[in-house]
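Scrolling down, you'll hit the structures one after another.
First chain A sits with chain B, and in the next complex the same chain sits with chain C.
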Partner chain A sequence: MTGRGTKTIRVDTLARVEGEGSLYIKLVGDRVADVKLKIYEPPRLFEAFLRGRHFSEAADITARICGICPVAYQMSAVHAMERALGVRIDPEVRLLRRLFYCGEWIESHTLHVYMLHAPDFLGYPDVIAMAADHRAIVESALRLKKIGNRIVQVLGGREIHPISAAVGGFYKVPTKQQLSDLVPELEWALEASLETVRWTASLEFPNFEQDYEFVALRHPDEYPFNEGRLVSNRGLDIDAAEYEDHFVELHVKHSNALHSVVRGRGSYLVGPLARFNLNFDRLPEVARTVALGVGLRPPVKNLFRSIVVRAVELVFACAEALRAIHEYEPPAVPRAEVANRTGVGQAITEAPRGILYHRYALDEKGLIVAARIVPPTSQNLRQIEDDLREYAACLVAWPIEEATWKCEQAVRSYDPCISCATHSLKVVVEREETGED
Partner chain B sequence: MSSNKERPRIAVFKFASCDGCQLSLLDAEDELLGIVAAVDVAYFPEASRTMLKGPYDIGFVEGSVTTHWDAQRIQEVRRQCKTLITIGACATAGGIQALRNWKDVDEFVRVVYATPQFISTLKLSTPIAEHVPVDFELRGCPINKYHLIELITATLAGRKPNIPTYSVCIDCKRKANVCITVARGIACLGPVTQAGCGALCPSYDRGCYGCYGPMETPNTASLTNQLRILGQTDDQNVRAFRGFNAWSWQFRKASEECEHK
Partner chain C sequence: MLVIGCGNRDRSDDGAGVMVAERVRKLGVHAEICTGESLALIETWSRADDVILVDAVVTGAPAGKVWLWNARSQRIQGSVSTSTHGLGVAEAIELAHLLGRLPHRLQVLGIEGRRFDIGGDLSPEVACAVEEAVQRVVAEVLRHYRAHGKLKCE
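Right after this comes the complex of A and B.
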């Protein structure tokens, strides 16, 4: 078909993302007329039913927003509650929470890099088909994923919706021995992660760079998990308590997820690319060296290279987990005593997909009177649409099937979690006739 | 994923849920490649771009029904699946989103969304079995991945799955846990909750919060009395029963009895 003809690219359910959505791209002639990332995942209304629940329940309830990153919800919830209630945590608890997050990042990033994203680069519909030709790579990926899950299990009892995170600490903390048992497998995982960086860097990347506003936490001396100021490459530098002054959520008709924008500027990007670009100097040397070795240096502006950045974060997470285990001494008590009182608390933590904001207001009985949750994917939604508007314009001459797959690949670069954003994806690219032919 | 006539075709469908239960299949790291060699994964959007049309031999359904569209879709899913298995607390009991069932859902939507008229949702979040016949319900929030593997194995072998229906207390005894309620006065739903998690919460020094839903014959009235003796208020007891399996009829009845006392 010619550039002026009618062309429709359709994928009814966007695969290999968490949750349900569809994508609609309308091309009129050579122009991209409309891009809509439709979220049809049903709304679950967490902020509404959290009201009246006790502060101690928020971590368990909000974990159920997402089965892929429950640790992130638990971490944002307990830190926001601790702020509302004026609770200080033991340094060993702080260290364990970093280790907890390492486990989730390893599990989630490995899932995305190898099982959800790599098949796009290699031309397979899924990891099962990929395993037929690359069995050793897939077996190694499963082993890497498993060690991430193992960390979450040891700290939290199970990998999905772990049960040990509590306001003030943990219900129960592990012994030194339980953690040191993880070391041999983690040492293997560190090597496997370095190999993952080299392997992903050898893939082919579309040439697509954008001028993003990257937003991530920044800590004085660590790669960020649970603490730090919220910063961007365009001058943002705020505390979590100021988040709602600088970001607004818009409700658009085609989506059950809210779109978040920086007040006065617009879309922005959160997640591995943002963290890497804003915190490269906070990565451990092993991660920086391997990144530079494959030619990855900040700022990385090509969305498709996020698979390599995720791999670098795998190196970080394995190295950080080993450090945390090495330094760990069990705290005197697993968690601080926490009394009911009124208060308001906000927290931002770095979920695998980017910053996750929670705010709670509590009454004198410690019951939630208001809750606000802004997941990473709803912060990226507007940016994904912006990217597709630019990227689809580069694909107008492509055959429909290939252009569709490329658009899906672009969306998957964000590792979108639609279950989170609504507290899947279907791609439809449509080309309309310009008139005369 | 390739089509193969000799292997049973399986499909995984998602309704209102967190994705965690279907992720359990991908979390079976040691067994995954064996499972996919034994079955033909025909429809599993979370894992594959290839989405083959039905009919399917086994359909797994995650999530609850919360929209008009989903209420229609589950009918079609049932027609396409020879065996229909629901996985997780959302699919078997309506999930945590069933907390709306005691409230005004329109008010809920107004709290979360600036333009409520864009949102279409039902007043109730309901389990799949309220809409279509279900061949097996696998409990848990999340499900236990070893139960899922047992269920697949049993279905392929044409036998009954070996999945317990007794209470969490039995698992605590097996693990030689000291009873946290008796010894320390901690409120625990273990006596009325189905086993399956491995008695995790009591093993981590906290009371069971009922994420596997009611056991076969739960004595919730007796447990409620015990909770009151421990000093729990009825408000606390209502919240205890209104968790991830709030809309299961046994927990629902128990919470409503505490509420209307």
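Right after this comes the complex of A and C.
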């Protein structure tokens, strides 16, 4: 209680999100007066300390931004550098990079679906409480995550912050045998992912849909990882080089992470829902069939259903990994020779949480003179606040504790990585009564 | 016999577990380093049946106190997790216990920390405790090999 007629709800730590921040919602009567996703984690200044470093260092430096999606940072960095330097890569390298990304998606989506998000739907405070009653589910999660880790390890040298990705290719590429050793576990993982789709689709979802602008990459033939044009359901269709003409980052007082908006329109959504809705026809048949089988078809406008969409993307990642391994031949040139030169290059790749934009400007010695990184979570921050404004309004009649819990659940639906956006989340919902009780 | 050092070297006293692992590794002891993320930890100790896990802890005791707990029979009093997953060492032990994936023997050597700020050094008390912890780990490793009839480190 903060005074007569005012109620305050506090949850000091919003668990099961990556990083540190707090959520503040003020309710006045049946009106939502204020929503702030406060990101108080100190700014991490990566863009500043990349300046003066050689282009070859960016992939390993930026990988340190996140322990969950280092591959995404490496992929956006090497592709942006390759554009700046006019480098073409071997088709086998391209295939390996897709496999590399599959490993990260399997790791990240498994972690979020099972460990962070599922307890919300099953009514447990955390995965440990859930494990006591759902041992088989948690066992599956551990096994799935392990195969994701193994892919990243085989391609990247180690599971977290891999070290093999390079401008022009890989420092070291796997043998066919090393990859074919992964096949039996991946075949199990594909079946387990299909089961995950059916299981997650059977959960109960709050009835909350929003009219989002979905933004994702779109490739002529493939479900997107590293290539494609940036498109939206509101007519956006641009090359990565045009990103900054269409998107603008804004500083807001309550957040150490910048908010990103579409110029002239406002908030937008990146991540699994955006990819699924804009690229459903690019999913392999096995993923499309299981999605349709559980009644999941685009456009999915309910963020809470993102758990099912992530499961569909798990199916995709396992199927795609198997395809890549099947087609793999060690590249004749694992790493193209790259000479120093001036240039500017931009790249967008699909991190597990959505598009990740990098831009670098290089001088004649190949040193970075300017760097710009826009991670997926900072692109979703404005949308999270917009959603909570709508969602909290639906919850005004609920007891404060339950309303707070539901708002936390809503935030988790985005799988926010605050570590990327700058880093743990505290939630405060304040209610101010306008009349007598 | 496996030693696992958990923590983050860049967060002051949280680096204590990692430093102990690095020190005993130089003495020929099989030691792994983990951030403390639950799933990675469970995976790491699945390769051994006798494990000592070293981590910085906060129980309210004076900084530098070295604790030794048997994770199979005692509830861990507290641990510091700088993992951004919200799942740390204590959670890994509890989860593995529920899933039947605890090593046959798991001892937790906890070093009471005082400060955990980003980029800071070990506090003097914890720097001394690292020395004590190294000696206790080595003593445990020797005890293990004596018990198994081979006085030789891996």
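By our rule, the second predicted complex is superposed on the first by the 428 of 437 C-alpha atoms of A that agree within 3 Å, B and C clash if a C-alpha of one lies under 4 Å from a C-alpha of the other, contacts with A are read in each partner's own complex, and residues count from 1 in each chain.
Going forward, a residue touches a chain if its C-beta (ideal position, glycine included) is under 8 Å from a C-beta of that chain, and two chains touch if they have at least 3 such contacts.
This is a predicted model, so every value here is computed, not measured.
Superposition model on chain A: chain B and chain C are shown in a clashing arrangement. By the touch criterion defined above, A:159 lies against chain B and chain C together after alignment on the C-alpha atoms of chain A.
In the superposition on chain A, A:87 contacts neither chain B nor chain C. Using the contact criterion defined above for the overlaid structures, shared-chain residue A:142 touches chain B and also reaches chain C. Applying the stated contact rule after C-alpha superposition, one finds that A:39 touches neither chain B nor chain C. When the two structures are aligned on the shared chain, A:106 is found in touch with neither chain B nor chain C. In the overlay built on the shared chain, the residue A:384 is in contact with neither chain B nor chain C. Residue contacts after overlaying the shared chain place A:53 against chain B, while chain C stays out of touching range. In the superposition on chain A, no contact is made by A:269 with either chain B or chain C.
In the superposed pair of complexes, A:307 makes contact with neither chain B nor chain C. According to the touch criterion, the shared surface of chain A, contacted by chain B in one complex and chain C in the other, consists of residues 15-20, 42, 67-68, 111, 115-116, 126-128, 131, 135, 138-139, 142, 145-146, 149, 159-160, 417, 419, 423-424.
Only residues 15-20, 42, 67-68, 111, 115-116, 126-128, 131-132, 135, 138-139, 142, 145-146, 149, 159-160, 417-419, 423-424 of chain A touch chain C when the two sit together in their complex. Considering their complex, residues 1-2, 14-24, 26-27, 29-30, 32-33, 36, 41, 44-51, 66-67, 69-70, 95-97, 99-100, 103, 105, 107-109, 111-115, 118-119, 121, 141-142, 197, 200-201, 203-206, 209, 211, 236, 239, 243-244 of chain B touch chain A. Every residue of chain C that touches chain A in the complex is listed here, in rising order: 35, 37, 39-40, 42-43, 84-87, 91, 94-95, 98-99, 118.
Those residues of chain A that touch chain B in the complex are listed here as 12-20, 40-49, 51, 53-54, 57, 60-61, 64-68, 70, 111, 115-116, 119, 125-129, 131, 135, 138-139, 142-143, 145-146, 149, 157-161, 163-164, 166, 171-172, 249-253, 256, 258, 334, 405, 408, 417, 419, 423-424.
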